[in-house]
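Look for chain A in each of the two complexes below; its partner is chain B in the first and chain C in the second.
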Partner chain A sequence: MFAASILIQQIVYGLVIGSSYVLMAAGFSLIWGIMGVLNLAHGEFYMLGAYIAYYASSLLGFNPIMSAIVALVAMFFFGIVFERALLSPLYGRKGWEMSTVLITVGASILIQNLALVIFGEKYKGLPMYFEGELEIWKIVLSYDRLVVFLVGISLIALLWYLLKYTRVGMAMRAVSQNQEGAYLTGINVQKIFYLAFGLSAAFAAAGGALLAPIYFVYPTVGAGPLLMAFAIVIFGGFGSVKGAIVAGFLLGVFESLVVLMVSSAWKDVFVFILVIIVLTVRPRGLFGIQ
Partner chain B sequence: MYLLSADGLNCGYGHSQVLWDISFHVEEGGIVGIIGSNGAGKTTLLRTLSGLVPAQSGKIEFSGERIEQLSPHKIVERGLSQIPEGGGIFPYMTVLENLKLGAFLPWNWKRISQNLDHVFQLFPGLEDRKSQMAGTLSGGERQMLGIGKGLMSAPKLLLIDEPSSGLAPKLVLRVFDNIKEIQKHNVTILLIEQNVQYCLNMASRAYVLENGRIVLEGTSDELIGHEHVRKAYLGI
Partner chain C sequence: MKGSLKSILLLGLFLLLSFFPFLFPDPYLIHLLILSFLFSVLVSNWNILFGYMGIFCFGQQAFFGIGAYSSALLALKLGVPIPLSIVFGGFVASLSSVLIGLPTLRLQGAYVALVTLAFAEVVRMTCSNWVGMTRGQLGLTVPALISGADRVGYYYVAFLLFLMSTMVLLKVMRSSFGYVTVAIRESQEAADSLGINVIKYKISAFLLSSFMSGLAGALYAHYIRILTPDIMSLPLMITILVMGMLGGIGTLPGPILGTFVLTFLSEYLRDLAQFRFIIYGALIILAVLFVPGGLVSGLRFVEKKLKGKRFQEGSS
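And now, the complex of A and B:
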C-alpha cells in the first residue's frame, strides 16, 4: 500500500480542490434554494473567473489573491446583469422553471463559444507565482496550493458570515424558506434574487480564479466543476449551503483518493457512484430538507 | 380620515374573480373584524391589501396614500404588516432570527434591541425559546412568534389572518389576550376570523363577508344581535 505520508498528502490536495468546489457548489445551491433556478451556466461563471484571473495575472502582473478578488468583484456585477436581463423576465410566467433551465443552457453555450472566439482554444497556464513549497512531516505542499487553500477557506468563511449574520444574508435565507412570508416581512424579494445571483456568480468565479494558477484555463473548463457542483449539491442536500460546504470538501478528498488508488480517469465514475448511493440511501442528501 | 379604507375593490386570480365591490374602513386605534366562513374570500382580501395579489379595480388607501399599485415590501414600509395564517415564519431559522427579520426595514433594524425587549415583555415564552428552530414550535407558539415578528416591524396597522386556526380552545384565548394587549400599545388591528364569537368579542366593529361580497356591517353588539349572524354564524 501507500506510505501514510502520501495518503495524507493526497488528502491535503483533496482539501485544496475541495475549497474551490465548495465555492462553486455553495452558490449553485444558494440559487436553487432561493430562486428555484437550476443555473446550468454556473460553470461559465467559473470559466470567466479563471480567464479574468489569468489575464489579471499575465497582463497586469497581479498576484493570485488580487486576481481572485478582481474576478470575484467583476463577476458579482456580471451575475446581477445576467439575472436581470435573462431570468427576471421569466418569473411567474407559466412553466418558468423549465424556461430558466433552457435559457441557462443557451447562455452556457453562448458564453463558451464567445470565449472560444475571444480567448482562443489554446489551454492557458500560469507560471508558479509563489515559488517553493512547505514541508511538514514529509507532506509537501507548494505555496501556490497553500495560498489557494487559505483564500478559498477565507472566502467560504466570508460567505457563511454573510448568510448567517448580515441583514441581507438573513433575508436571502428567509426568501428560500418562505417566499410569501419574506414579502410580508418587507423584504424586496426581487432585489434579493439579483443580489444572491451576483453572489453566486462571484463565488463561482473565485473558485475558477483560484485554480487558474494550478490548472489550465480553456473555454470549456467550467463543465467539470458544474458536474461536480451537481454531485456536491445532491450529496449535501439541495438548497443547503452548509451541505455544500461539507460535501464539497468530502468529495474533493474522495476524488483525490480515487486518483491515488485507482486512476484520475476514474475519478468522475467513482464520484457519481457515490452520489447514486447517497441518492438511494438518503435521497435528501446530508443536510437536505425532507 | 381613516387609517385604512377600501373602495369598490374587485380582486381575484387571473380570470377568476373572488371579491366583488368591497368597501370598508378601519379607524385608527381599534380592532376591526372581518368575519366569514371558509372560502368567503377573507384571505384573498388580506393578500390584496398586502399587495401579494394585484387588485383588479377599486382603490385602497392607507394613511392617506393610495397603495393598491405598490409592491408588498413598499406596503410594509408604510406601516401595514400582515401576519398570514400559520404566522408567516421561517421554519429553519431560530426564534431570535425570525424576530430580527421582523425588523428588516432599515429604520427598525437600528432599533432591534429595543423592539426585542418589547416583544419579549409581551411574550416571555418566546425569550425562553429564542435559540430554538421556529419550525419545531407548537401551533400556538408559532402564532405568537408570528405576532411578535409582526410587531418587530413597528406597524401602524396589523392584519391578522385566522389567529385561532388549528389551535386548541385554551390557546385561542391566550392568543386573543395577546392581541388585545398589542392594541393597547397603539397598534390598530384588522382581524380576519372564522370564529365569529371570538372575533365579535374582540372587535368594536365588524364586516361580514359572504361569497366574495360584504353583506353586513355594524358594531359588534349590533352584529351579535342581528338575526342573520345569529342563525348563520353563532348557531343560535
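And now, the complex of A and C:
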C-alpha cells in the first residue's frame, strides 16, 4: 500500500508533533491532579507561547530554542497571575468545579479575542531557522523538526525530573494525593497551587513556541491542542503525568497515520471518535485507576 | 399581593408579545425578537442539562445544527413539506442525543465536557467535509418556511415554539421530574441510593433538551435560509453559556432573561462587534466572581428588599 519509508516518515512526524502535545497535556493533567481544575484556557497558554516565540524570533532574531525559553519563562509568571486573580477567589466555594470550568471558559474567550484585536487574524509563519535536513535510511527530517523534537524531549525530561526528584515536585504530588494530609505536614498548599499553575502554563507555552516555526500562528491556534490535550489526558488517565507522556506520543502518531491514510481534514474526527469509544468502554480512561 | 402583581406583569408581557408585530411594525425589532425566541428555546433547554442536572454539556450547538441540517436536507433532497421536516429535525436531534447521552452516563464532570464538545466538533467537521451532501463550507440555500419577505409569520411560529418550550419546561420542572433532576445534580450517589433510576432521568433530559434545541435549529435554518457548518461552531456554545450565566443558570426565567438581554445588547453594540467576544469573556469572568446567580438572583434580591420594606411598613 505505502512504501515502508513513507510510513516510518509519518510515524517520525507523529512523534515530533507528539512531543509538543505531551508538553501541552502534561500541564493540563497536572492541574487537574493537583487542583481539581479543568482549565479550558489551557489552549490560550499555548497560543500566547506561540506568539511570544513568533515575536521573539521575528523582532529580536532569537533562534527557536531561545524563543521557546523566553515563552516558557514569561508564561510561568503569567500562569501565576492567572491563578491568583481568577482561581484563588473561588476556593472553597459551593459549586467549585462548575465555577472553575466557567471562569476558565471566560478567560479563554477573553484572551483569544484580545489576541485577535492585538495581533490580527492573519496567519503568521516563521521562516525555517535551521536550513537543511537530515536523511537516514530514506527518512527525511528537517533540522527544524529535529530541533523541536529534541527540545521537546528535554523539556519533558525536565518536567519529569521536577516532579519526581525535587522537594517542590514531591510537595505537588503530595497535594494531588491528599490535600488535607499535605497541609497537615506543613506544605503551603496555596503556594503549590500557583507554582503548579505557573508550570502548567509554562509548558503549554513551550509547546506552542516549539511548533510556531512548523505551523502557523493565529489567535485560535490553541483550540486544537486543547482538545488534543483533553484527548491525551483521557487516554492517559486524569492527573497522571506519566500517562500523558505515553498517550501524547501515541495520539501524535495516530493522527499522522490518519493524515497519511485518509486525509488531514478528517484527522480530528478520527481522534475524537476514538476518544468517545475509549470513554464508552473505559470511563476512567485507558490507564486511569482512581 | 405579591403573587398577583407578578402575574399581572407576566400577563401584560404576554399580551405585548402577542400583538407586538401590529403595535410596532418595525422589521428589525421583529427580527431581534424572533432570534430571542429561538435562542431562548436553545438556552433554556441546555439549562435543563447543565443547570438542573449538572451534566457539563458543551455540545448543545450540535443539536441545534443537527436539527437545522436534517430539516434542510429533508426538504431539499426528499421534498418533505417544510413544517414536517422541521419536526423531523427535532426528532433527528433527539436521536443523536441518545448517541452522545449514552457514553456520558457513566462519566463525570470533566469527561462529560470533553465528550460532548468532541461530539459537536465531529458533527461540525463531518458537515464541513461531506461536501457531496452538505456542500461543505459553501453552505446550503434553505427553502423558506413562509414565502414572501414578511417576518410576521415567522414571528408567530417562533413565538409559538417559545411558548411551547417554556410551558413544557415549566410543567416538567415543577413535577416530580424536576425535583429528581435537582437531586441528581446535588448528589448522584444519594439519588441512586434512594432508588432513583438516574440513567432513565438523564436520558429523558437529553431527549427533551435536544428535541427542543433541534426544533429551534430547524426553524432558524428556514428563517435565515443560509446554512453553513459554522452554525454549530464553538462560538455558538459560548453564546449559549454567556446567555445562561447572564440570566442565571439553574432557574427557569434566567436563560430567557439572559437571552433577551444579550440579543438586544449585542445588536445595539454592533459598532463594538470586534470587541463583542472580549465583552462576553469579561462578562463570564465577572459573573462567576461576583454574581454567580446572574440577573435572576439580582431581581430576587430586589424583590426580597421590596417585600421586607412592605412588611416593615405594614407592621409599623
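Just so we're on the same page, the second predicted complex is superposed on the first by the 289 of 290 C-alpha atoms of A that agree within 3 Å, B and C clash if a C-alpha of one lies under 4 Å from a C-alpha of the other, contacts with A are read in each partner's own complex, and residues count from 1 in each chain.
Methods note: a contact is a pair of C-beta atoms (placed from the backbone, for glycine too) under 8 Å apart; a residue touches a chain by one contact, two chains touch by 3 or more.
Note that the structure is predicted; figures quoted are calculated from it, not measured.
> Put chain B and chain C onto chain A via the superposition and say whether they clash or fit.
Fit.
> More residues of chain A are touched by which chain, chain B or chain C?
Answer, by number of touched residues of chain A: C.
> With both complexes superposed on chain A, which partner does A:Ile80 reach: first (chain B), second (chain C), both or neither?
A:Ile80 contacts neither chain B nor chain C.
> Of the partners chain B and chain C, which touch A:Ile31 in the superposed model: first, second, both, neither?
neither
> Between the C-alpha centres of chain B and chain C, what angle is opened at the C-alpha centre of chain A, expressed to the nearest 10°?
Placing chain A at the corner, the angle measures out to 90 degrees.
> Just to be sure I read the superposition right, which of the two partners does A:Ile276 touch: chain B = first, chain C = second, or both, or neither?
A:Ile276 sits against chain C, while chain B stays out of touch.
> In the overlay, answer first, second, both or neither for which of chain B and chain C A:Leu184 touches.
Once the two structures are laid over each other on A, A:Leu184 reaches chain B alone.
> Once the shared chain is lined up, is A:Arg167 touching chain B (first), chain C (second), both, or neither of them?
first
> If you stack the two complexes on chain A, which partner ends up touching A:Glu97: first (chain B), second (chain C), both, or neither?
In the superposition, A:Glu97 contacts chain C only.
> Quick one: smallest Cα-Cα gap between chain B and chain C in the superposed arrangement, Å?
Superposition on chain A places chain B and chain C at a least C-alpha distance of 19 Å.
> Which chain A residues lie in the overlap of the chain B contact set and the chain C contact set?
Shared contact residues on chain A (touching chain B in one complex, chain C in the other): none at all.
> Which chain C residues qualify as touching chain A in the complex?
For chain C paired with chain A, touching residues are 54, 56, 102-103, 106-111, 113-115, 117-119, 121-122, 125-126, 128-129, 234, 238, 241, 245, 274-275, 277-278, 280-285, 287-289, 292.
> Would you tell me which residues of chain B are touching chain A in their complex?
My answer: residues 50-52, 71-73, 76-77, 81-84, 88-93, 97, 100-102, 104-105, 109, 149, 153.
> Considering only the defined contacts, which chain A positions touch chain C in the complex?
For this pair, the touching residues of chain A are 32, 38, 40, 86, 89-90, 93, 95, 97-99, 101-103, 105-114, 116-117, 223, 227, 230-231, 234, 238, 265-266, 268-269, 272-273, 275-276, 279-280, 283.
> Going by the contact rule at the top, pick out the chain A residues touching chain B in the complex.
Contact set of chain A toward chain B: 167, 170-171, 173-174, 177-178, 180-189, 289.
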